[in-house]
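Next come two complexes, and both contain chain A; in the first it sits with chain B, in the second with chain C.
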Partner chain A sequence: MFEVLFIGLSLTSVLLLIALGLSITYGAMGVINMAHGELVMIGAYTAVLAGIHLGFNIFLSLPLAFVVAALVGLLIERVVIRRLYGRIIDTLLATWGVAIILQQLIRLEFGLTFFGISIEGLGPGLQNMRVPTFMMEPFDLMGLSIQPYRTFILCVTILLTALTWYLVYRTAIGVQVRAIMRNPQMAAACGIDVRRVSALTFAYGSGLAGVAGVLLAGFRTVMPDMGATVVVDGFLVVVVGGVGSLLGTILSSALLGQINGIVSVFSNDIIARAVVFGVVIAIILWRPRGLFSFKSR
Partner chain B sequence: MSNNRRNFLKQTAAYGATAALGPGLWASAARAESEIDVGVLFSLTGGLSIVEQSLADATLMAIDEINAAGGVMGKKLNPIVEDGASDARTFNERASKLVLRDRVPTVFGCYTSASRKAVLPIFERRNNMLFYPTYYEGFECSKNVVYTGAVPNQQLSNYIPWIINTLGKKKFFIVGSNYIYPREMAKVSKILIEQNGGEWVADEYLELGHSEWGAMVSRIKSSGCDVVLSNVVGDSVIAFYREFRNQGLTHDQLPICATVTSEIEIAAMGAEVAAGSFTSFPYFQAIDTTANNDFVERYRRFVDDSSAVTQHALECSYFQVYLWKQAVEKAGEVTPDAIREGIKGQTFDAPNGKVTVDGENLHTFLTPRIAQWGGDGQGEIIDEYPEPIKPLPYVAYGETDGDLFCSAAGLDSSRL
Partner chain C sequence: MSNRIFILGDRAVYAAFIIIVLALPLLVDDVFWLNRIAKYLVFGMLGLAIALSWGYAGILNLGQGLFFGLGAYMIAMSLKLQSYTSLQQGSDKPIPDFMLWNAEPGAPTDLCCITPGSWLWIPFQAQWFGMAMAVVVPVVFALIIGSTIFRLRVSGVYVAIITLALVLLARLLFIDLQPVTNGFNGLTDLGWLTIAGIEFDPFMVATYYIIAVSVCVVLLLSRWLISTRAGLILQSTRDDPNRSRYLGYDVASYQVFFFTVSAGIAGFAGMLFVIVSEFATPTYFDIAFSISMVVWAAVGGRSSLIGAALGAILINTIEASVSESEMFQQAWRLIIGIVFVLVVLYMPRGLAGLARDVLARVVALSQRTGGKDSQSSHTAAE
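After this line comes the complex of A and B, so read on.
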């Protein structure tokens, strides 16, 4: 039974990791960021490249990927999203375009392939990130078999969630972010620099996606289109949890992760996927605004 | 400009003549010029391009070598390369273009079964020839396709008995991606497992591209099996092997015996994860013969990448061009019908050894081999058949050496 719960828990942590950043950008800024999966991918590629060219291990790659993804996020915000605030459907299309551009940049190695230059770790192929051996060997703890890598993901997720909670609910900038979530015009009227705070929020959400990418790179395949599946899962969690609610995001990833884990162990992954989608549909029918929601913009 | 128009007029006239001549088209349209056009159709873009680009390269390399050695019947080959873009519908369009507009007598190409099925009607309706280099699930009998990759009996008929008798593993957990190839492979495997006194405890499938293997590996762990037979393909393979390792399973105790995991996937997952597992293919880069070492080196020089890997479908893409050349030379003319007759029984010394095209079903005799993966990402060949074995595309339905369902006369569908 522990094993089953552990699988669910580990699925939960992956979902939460992806949804955390998304819930912030979607919740706080009303931006449907289809490029979120590509930011995850960029985090993964950062880890791969840093491993090959700089000799970084996973622990060093985590902060690096956060910074790289956050910078890319900031750039996307400055160039595209800034001009589209309040036009939610337009952000969907625009960020989808950004997603395709990012994928192709990786595939074409930033265009260098046209000049016959190729960088190891980029291109259309499959890549992997090395995981230290001690993180691959499971060990026994009180008769339970513990998988270090999955446990590591779990710990990082808990840390990041706590950090995010702290930032949003216990700091001055967090108060501003929440004010913008509720009513951006009123927040601006109170002297909050909405544009600056929004840009920082978006960068932070993107940075979280980068970290998620590094952790996914350790047990999934790294390739240019790895982000596409990821973003769907992320949106499921955010929509079920309720837009802009951190607690909702945590609970809905726990719910979906455990359902997926339990059904897939006792039946199979394909049925588990169907059950998860069924549950999501039921919840949206029952509570169109998600499990936890408040009136927002 | 005027030149263009003249060409256009010429072409139009040629089309007119074609329409008038009907079936006699090939003899009349065969150009008097010193070149023979052939089609090369693989995905050069999209998700499958990582593998298919290398198959296109191998095909072009063979064409280059043939041209350098004087061509075919004194004529140079002119490859017309088209991009299938990892999309079955695009494959269909590009194949139509090659067959109808360029009027090539043969196309070398296709990697996935989906793309082959998409182009098959064109080759059958227009009576053209496709040379298909990939190992596939069998269950096909076309007079318009020469299949040079392995069919299930050439990957499994040595593999399953070897697992049971030499490895001493009897309880199989069969796992695969959810589409036709893994399902047909599983069917053949089950027949062979039962014939050899083993048993299978589960037969499970996950969608293509699935990357979360936690639950499946945990089911494998608790199933009581002692060997995993994997027909998982593509990027899922990497996530699967990694999860296997993460859950503490080792290839010493519970080996993964795969049918699709090639040098490419091993390189992508990190060799240490796969070290100790097995794969069955007629060709491995590690085959240590002068012919193969030369081939690998030539290929690396051709693609200008000193660490490029070769694998089964790539080798088939290469040698099938030579088989085609021999067929044309034997037939004495470059028409699909002549090539079909000429290819029957053709033998070539490929990098993996002798290959022969079967006169009945147009599939190819290949030598089954089993390799164990080492820490360096290369297989060590630990078992091989003494000689090439006959391809049986319908082995899952009871086809045997002496009782062919697919013959030169066509498919005996009453047997299915």
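After this line comes the complex of A and C, so read on.
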């Protein structure tokens, strides 16, 4: 039973990592960022490239991926999303275009392919990130087989969630973010620089996606379209949890992760995912605003 | 005065479209290109279906591939049973080849019970049944989904997310039900559509005409539908659902109706696509495909039926002509991404909106100069 719960727990942590950034950008800014998965992908590629060309290990790659993804996020906010605040469906469509652009840039190695230049670690093929061997060998703890890498993911997720909670609920900028979440016009009237705070929030959410990408790269193949499946899962978690609710995001990723884990033990992975989709649809129909939500814009 | 010119311009575009589509076999004598164009016409129908639900009803359906795929699979089941591969399995009745590969040892070679669920295929031995189901099944599903969603007053982004989740769900189920659907590989080696003893080879001018006439008929019917009273009420529910509700209209009914019509068109398109492409796979349920339809409609003009259809046809035709090499194909996808972002940012009404603006400019100019050559100006704007 414990092992089943642990499978669910590690699925939960991956879901939460992806959903955390999305929850902030969607909740705080009313932006449906379909390129979130591509930011995860960029995080993964950062780790791969840094591993090949700079000799970085996973611990050094994590902060680097955060910075790279945050910068890309900032660029997306400046160029595209800034012009679309308040047009939520349009943000969905425009960021889908951004997602395609990012994927193609990786496939075409930023256009260098046309000049016959090839960079190891980019291009349309599959890539792998090396994980230190001591993190791959399971060890026994009180009769339980513990996988160090999964545990590492879990720890990083908990740390990042705590950090996010601290930033949102215990700092000056967090107060501003929450004010914008409730009512952007009123926040602006109170002297909050909505544009600046929104840009920073988006960059932070993107950075979290980058970190998620590095951790995902440890047990999934890295490829240009790895983000497409990821983003849908993230959205389902955010919508089920309730827009703009950190607690809701945590609990709904736990709920969906455990359902996925438990059902996949008793049948197969495909049925498990199907059940998760069914549950999500039922919850959206039952409570369109999500399980935990407050009145927002 | 200028309003009349817009109506005339609109009619001219429709007429030009229908004439070109019907006359195309006279200009293109390469059957392979004709087959390709037939596929793009089907995509045009999908763009039209998106415009109908998104542009006119305000319902962004990101799971249109669900209905397209259902329609495709229904007809593919019938055509699979007509395929020569199904008649060579040592039985006097047709059995799809993949069922034999999936059958348990000792299972009787009969559709009733060769694999679990294979009995679902029995009625599809009649081709008309598959053809009917290709529209009926998507419509029934859309009715159930639509009435659940819209009676509960789910709207906006949530409709998009639910439909997205539904199409993913369908994709997983179709892959998982290997004994009935042949899983990942889908239904291939299909037979040809046979009506009144005539076999419609996909690479045949007659087959092109089936598609071309269908697209024109659907286009005209949809155009008629949005000009009816129901269509006008629908547009009012898009602009302000609450006001329409207070005026006494049952908003949900109109939404369900148009959502279902859009789904029916998508299912019909799925059927036509299988007839020209000779396969049905779970890729029809990919999110990327469903969102591509929205991209086509957005580039063409979300609130113009013919604009959305032309958007789909143009994008796919250009894609086919530039995709000579793998590298250019990738570059083309990059260009599509950039174009799409630009369209959403700067041209939310798409090419159709652009055409209208140009027409308005020309009309204003010709009125200022006092010229009476409005006839020539609006043909220039096409």
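Here, the second predicted complex is superposed on the first by the 297 of 297 C-alpha atoms of A that agree within 3 Å, B and C clash if a C-alpha of one lies under 4 Å from a C-alpha of the other, contacts with A are read in each partner's own complex, and residues count from 1 in each chain.
We adopt the following convention: a residue touches a chain if its C-beta (ideal position, glycine included) is under 8 Å from a C-beta of that chain, and two chains touch if they have at least 3 such contacts.
Just so it is clear, the model here is predicted, and its values are computed rather than measured.
Judged by the touch definition given at the top, the superposed model places A:I259 against neither chain B nor chain C. Looking at the shared chain after the overlay, A:N128 reaches chain B, while chain C stays out of its contact range.
In the superposition on chain A, A:F277 makes contact with chain C only, not with chain B. By the touch criterion defined above, A:L15 reaches neither chain B nor chain C.
In the superposition on chain A, contact of A:Y149 is made with chain B only, not with chain C. Of the two partner chains placed by the overlay, only chain B lies in contact with A:E137; chain C stays clear of it. Of the two partner chains, neither chain B nor chain C is touched by A:V68. Of the two partner chains, neither chain B nor chain C is touched by A:I24. By the touch criterion defined above, A:A199 lies against neither chain B nor chain C after alignment on the C-alpha atoms of chain A. Counting contacts as defined above, chain A residues 124, 268, 270 meet chain B in one complex and chain C in the other. Residues of chain A that touch chain B in their complex: 3-4, 7, 10-11, 14, 124-128, 130, 136-138, 145, 147, 149-150, 218-221, 223, 225-226, 229, 261, 264-265, 268-270, 272.
Contacts from chain A toward chain C in the complex involve residues 32, 80, 83-84, 88-90, 92-94, 96-101, 103-105, 107-108, 113-114, 124, 228, 232, 235-236, 239, 268, 270-271, 273-274, 277-278, 280-281, 284-285, 288.
Chain C meets chain A in the complex at residues 60, 148-149, 152, 154, 156-158, 160-162, 164-166, 168-169, 172-173, 175-176, 287-288, 291, 294-295, 298, 327, 330-331, 333-334, 336-341, 344-345, 348. Chain contact summary for the complex, chain B toward chain A: residues 47, 49-50, 178, 204-207, 209-212, 214-216, 218-219, 235-236, 238-239, 242-243, 245-248, 264-265, 268-270.
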